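The following pair of complexes shares a single chain, chain A, combined with chain B in the former and chain C in the latter.
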Partner chain A sequence: MVSVSLIVVTVVFATAVFVLALVETAATGLTIALVGAGMAVVLAGIGSSLGVGMAGEAAAGVVAEDPEKFGKLLLLQALPGTQGIYGLLAGFLVMLQLGLFGDPVDLTVAEGTSIFLACIPVALTCLLSGIYQGRVSAACIGIVAKRPEESGKALVLPVMVETYAVLGLLATMLLIFNLV
Partner chain B sequence: MDAIRREEIDYLAAVARIRVLETRLLRDQEIDRMLDMQVADDVWKMVRELWDLPEEPLQDFERVLGEHLTGLYSYVTSFLPSPDVVYWLGIRNDYHNLKVLLKEALLHETANEGAFSDLGTVSVSQLRSQLDAFEEVRPHEHEPEVLVSWQERLPASYQQAVGDAQERYQATGDPQIIDVVLDRYQLGDSRQQAEVLGPEIHEMAVALGEMANLKILLRSNKLGKSLQFLRLALVEGGKLPPYRWEELLGRAADEVASSLGSPYEELIRSAGADPGRVEREADNFILKMLKTSRYVAMGPWPVVAFLWAKENDVRNVRILLSGKINGASTEAIRERLRDTYV
Partner chain C sequence: MAVARMKKVSILTVSSVRQDVLDLLQSMASLQLINVHEDETLSEELLQVPVDMDELERELARARESLRFLDTYHKKAKGFLESFVGSKVTMNRQEFMEAIGGFDLVRLHASCQEAQKQLDSIRQERERLIAQEELLKPWQQLTVNLDELRDTAHCRLITGSLPRRDWQRSQDQIKDASVHVEPVGQDDQTVYFLAIAHQDDQEASSLLAELGMTNLPLDEFNGPVPELLFSTKEALKELAADEEQVVERVIALGPDVTQLQFYVDYLQSRRQALEANTGVGSTESVVMIRAWCRQDDLALLERKLEGVSFAVAVEAEDPLLDEDVPVRLENKPLIEPFEVVTNIYGFPSYREVDPTPLLAPFFFVFFGMALSDAGYGLLLMLLSALALRKLDIPRGGTKLIRLLWLGGLSTVVVGALTGGWFGDLFDMIPLGFLQDMRARITLFDPLENPLLFLGLALGLGVVQVWFGTIIKMSSTFAEGRWLDALMNDAAWVFFLPALGVMTATMNDPAWADAGRWLAILGAVWVMLGAARRQPHWLLKPFAGVLGLYGIVDYLSGTLSYARIMALGLATGVIAMVVNQIAALGAGIPVVGVVIAVVVIAGGHLFNLAINTLGSFIHSGRLQFVEFFTKFFEGSGRGFKPFRAETEFVNIEEN
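What follows is the complex of A and B.
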């Protein structure tokens, strides 16, 4: 899938350039940390929207022929949506740790960069797992279409992809809690 | 046909719909039930119920099945991201219609309406007028395509096939030569156009050519046809080069089987020397190939497999109904039936 590699390369390159620019322009540590939080929310959101979109396209095809399967398909379509929530959760944790809802913490550029880097695991794992979970969900929608009695098995396969988004979130959370 | 291959992901929704439609294909148990029925009317009633066909009398089954297939083709085309694969499947029907029209013109006979296929890429009436204007339009063939309206002339690939078939018929006076020449052009044309449709469809097109070569070789051996005839009929571009087939002319079926090896060997051994059974085994071979599409989640391959499987079902129903109408035994009908896709 060329488009996925293209997205990842573009995102990593753009982020690196952006961080370098921030450091060069003597931005505060807080700004750099917030860019990390934003990146977690945005990239995970992109992964989820692509995944949910793909699964939704396949589900719409089945509903067009057999509307009774809507309930079973809804769950399969919703699965790639969790990555967006993990990204938001990571972003929220960063903001909470930085005291943005009360008194903002004063961060050095080095500390800000550390928080930025801590956001990378959840951002990238959610971006990729969202897309690939969408593909698996779309393929599993074929199982529900052909053998509705096997929809339980169809649900297990995309859930396996979820593991890696959860691991990414876990890594980011541990890093944030230990940094600030 | 678009030269650019669409992304497989564009077929997500279409393949999901195909998966639902596949559940309505005939199963072995349903075929067995039809075979056990004594009266053709009961078989027809069951088919009508399974496929939701209009309540038309048994004598109109050919027309109703034809309309059902045409309706399904246009329905599937309506939800595909690109009609490329449906056009590709329609090529063989265009050539079939060209055969009927060419024989009409050369043998001065009027063909039955039922002899034409409605599943071609060009309508029969348009093909007829293009063929009528063939001689007048031919002098322009060296000019760029845009200079002559596409409506007035045959597509370039068909033009060459028709010209070749006409010349060979005039030289030999044998109407069978029209079928042989147009079949060869059709399989070559299909294989060429399949190149942009993905590896599975291309492999299928190659296999169709190979099966045609096998059938023509076994038929030539049975009827004692000449090497010249075989050379004229052999489709190029397959896995086996034409000379391998030519070497086997005049050999016994057993010898051909052991010389060709797998997968032809199994096919020839299970079919014997009976041309009808070879035809059936060749169809089953292609169907087996199509079954790999069941593990493919996106792309045009499952669409082609479904449409081919549906045509296979319609063919089976036709065999069943004609067999029952003519009072053939259950075993005789079963021998002619193709495998099911589901």
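What follows is the complex of A and C.
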């Protein structure tokens, strides 16, 4: 069910861009670029919501047994939350570079589309890594429950997944910096 | 500065002072006991020492029971920070013994049990009264004395209820039967009624049963219902007052709780001291205790043991080559906090190098670059300094906080050089000198020059990866496998910078050839080294080419350092977002300033928290995955000294 909704969201964004690109009268490059910014925020946010949600469910079970572990579990739950922030960050960078907080830049449709495409790396890597990081976090919550002295290791394993979100963010940032 | 040298000590003494010696070792807290019976060369001749712990176990159970009972009334809220570092009181052994002196567990336990018993009986009584109240409530209109509602010689009185929907339906049938039914009260679902029938008339009662009546006998009550209800309420009030009294008495025991906690710790440490006997071997009159002891502690141990009895002999021997020696790290105060990073991964084995001082400078710089905001750095330093001061933690437990302080320091430096002070907050404050000051110490702005920042991150990555191969080479040399070191490890030590030189000189005709030949020489060296390890002659060329493929490892390892740049920019941009939102809020008249301040305070604290976590773990990951894999195995076992493991007190031994 989750995957279906993800596909729907992706398709909605993709069609939005294509429609905008085709009906040139309705769209300027700016609107297409902003659809990209929105996509980065939304997809990354979905990834984090799912990830943090999964980890939270697992954590709640442990807290019910042992409330003292709340602090450590909160950290583990927060780990898949960074993807959403990366998405917001990419979206904000687009807005910043396009001068939305002052004088908006004029973009051709081609330029706008390339900014839209530049947002794809962060959006998709964050979407998927958020989900999978959530699963690893949920599994690592078991480590905190059973071997609390090994909590440090439990924090490291989920971060291995996050690497790819960081790399996606990196690619998007470099693209945006070089496009505008 | 490395892994502490250990000695295996055997302490021989007479049975009579066995426990005294164990107590001493426990209070020294610097030896790890070895179970004598697990040593096959000794076990057959040595016997177990029988220990009777029943009495102690019983007392501990009593103390824990009391504590559990009292805890429900004296729950102290635990802070967020305390749930990480614990909230123990620190005191020395003398203070500790004074604190539990004169503590009367029997008396406290008795009063706890008594209070518990009273509370239990109050609870039972309350449940009974509430049930009675529930039962009587529907009959409120029945003001007649219930004594009078008893069967007579010829009449039978039935009290009962019917579901409302059945009530209407049943009216006709009741009318035809020889029974009189009088509704007395009703609620949403049910009608309560009084029925009168002839004593011998079975038909009437079977009719009522058929209609689905629930029989509600009121035989146990005497007096009118309203009065009964009133007295029930009164009794409940009295119970509440009684309960309050008992609870007050329990709360008055408050001062004893701390002492009880200490006493639990005391009993636990006693039990651990007795349990230590399981590893002791004995003959008829002599016992043998074995332990790992730091070489540096040996003299102290001998001196202290002399104080216990003159009949103690200590024999220290070096660990055997293949023995699994517990590992204790020892580093200078400045490096010590970084042991946290090493310990997340594990311990080096006894004969390995301690990677802590090797990773410390890299971790320090990476953390600063990933957080990269001078404002956040200052805040982090301030918060960790406060935590050190406010929280009563023994020195060993403060490593993480001291590490965060150092990380804050590094962040201030990097942040100042890259012009990040709570993002671009200074641009929004109309104080010119702040911007001047910032501009004067800023080297470059990563937002305007992201490639320079990326280059820096990757450059540091190259340095660390290369450094890792050098360590690998030197430790292979140190093990005496000089051919391996020369052919396999040194090849990479040479090849990596050679590749760098080749790339750098590619466009310079004067040096391009030299650079290329340098790289080719390195490649050949690497291939020879790889081929050397393939025993079959025919396969050697392939092994060589495959060895060259290792470059992919180094490449992906180095690229991994790009994350530092991404994290560094992330902190700055999120800070900017916070400032931007605050600026939007500030535009609102009257409340604008308040909103701006709240957004700035909350937003930056959130950003600090989430990015400190990220910077810490990602910097750590670079050590574990990119650096350690080059030279470090980390299969060691941590040194766990025999000491009083307590829950509430840190007993500092002098």
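Here is the rule we use: the second predicted complex is superposed on the first by the 155 of 180 C-alpha atoms of A that agree within 3 Å, B and C clash if a C-alpha of one lies under 4 Å from a C-alpha of the other, contacts with A are read in each partner's own complex, and residues count from 1 in each chain.
The rule is simple: contacts are C-beta pairs under 8 Å (C-beta built on N, C-alpha and C of every residue); 3 or more make two chains touch, one makes a residue touch a chain.
Quantities reported herein were computed from a predicted structural model and do not represent experimental measurements.
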Joint occupancy of chain A by chain B and chain C, clash or fit: fit
Chain B versus chain C as contact partner of A:34, first or second or both or neither: neither
Chain B versus chain C as contact partner of A:44, first or second or both or neither: neither
Contacts of A:85 with chain B and chain C, given as first, second, both or neither: second
In the superposition, chain B vs chain C on chain A residues touched: C
Inter-chain angle, chain B to chain C through the CA centre of chain A, in degrees rounded to a multiple of 10: 50
Partner chain in contact with A:141 - chain B first, chain C second, else both or neither: first
First (chain B), second (chain C), both or neither touched by A:107: neither
Contacts of A:167 with chain B and chain C, given as first, second, both or neither: second
Minimum C-alpha separation between chain B and chain C after superposing on chain A, in Å: 8
Set of chain A residues, in rising order, touched by both chain B and chain C: none
Chain C-facing residues of chain A, complex: 68-72, 75, 78-79, 81-82, 85-86, 88-89, 92-93, 96, 101, 152-153, 155-156, 159-160, 162-163, 166-167, 169-170, 173-174, 177
Chain B - residues contacting chain A, complex: 9, 12-17, 19-23, 79, 297-298
Residue numbers on chain A that touch chain B, as the complex places them: 54, 57-62, 64-66, 135, 138-139, 141-142, 145-146
Of all residues in chain C, those that touch chain A in their complex: 78, 80-81, 83-84, 340, 343-345, 450-451, 454, 560, 562-563, 565-567, 569-570, 573-574, 576-577, 580, 610, 613-614, 617-618, 620-621, 624-625
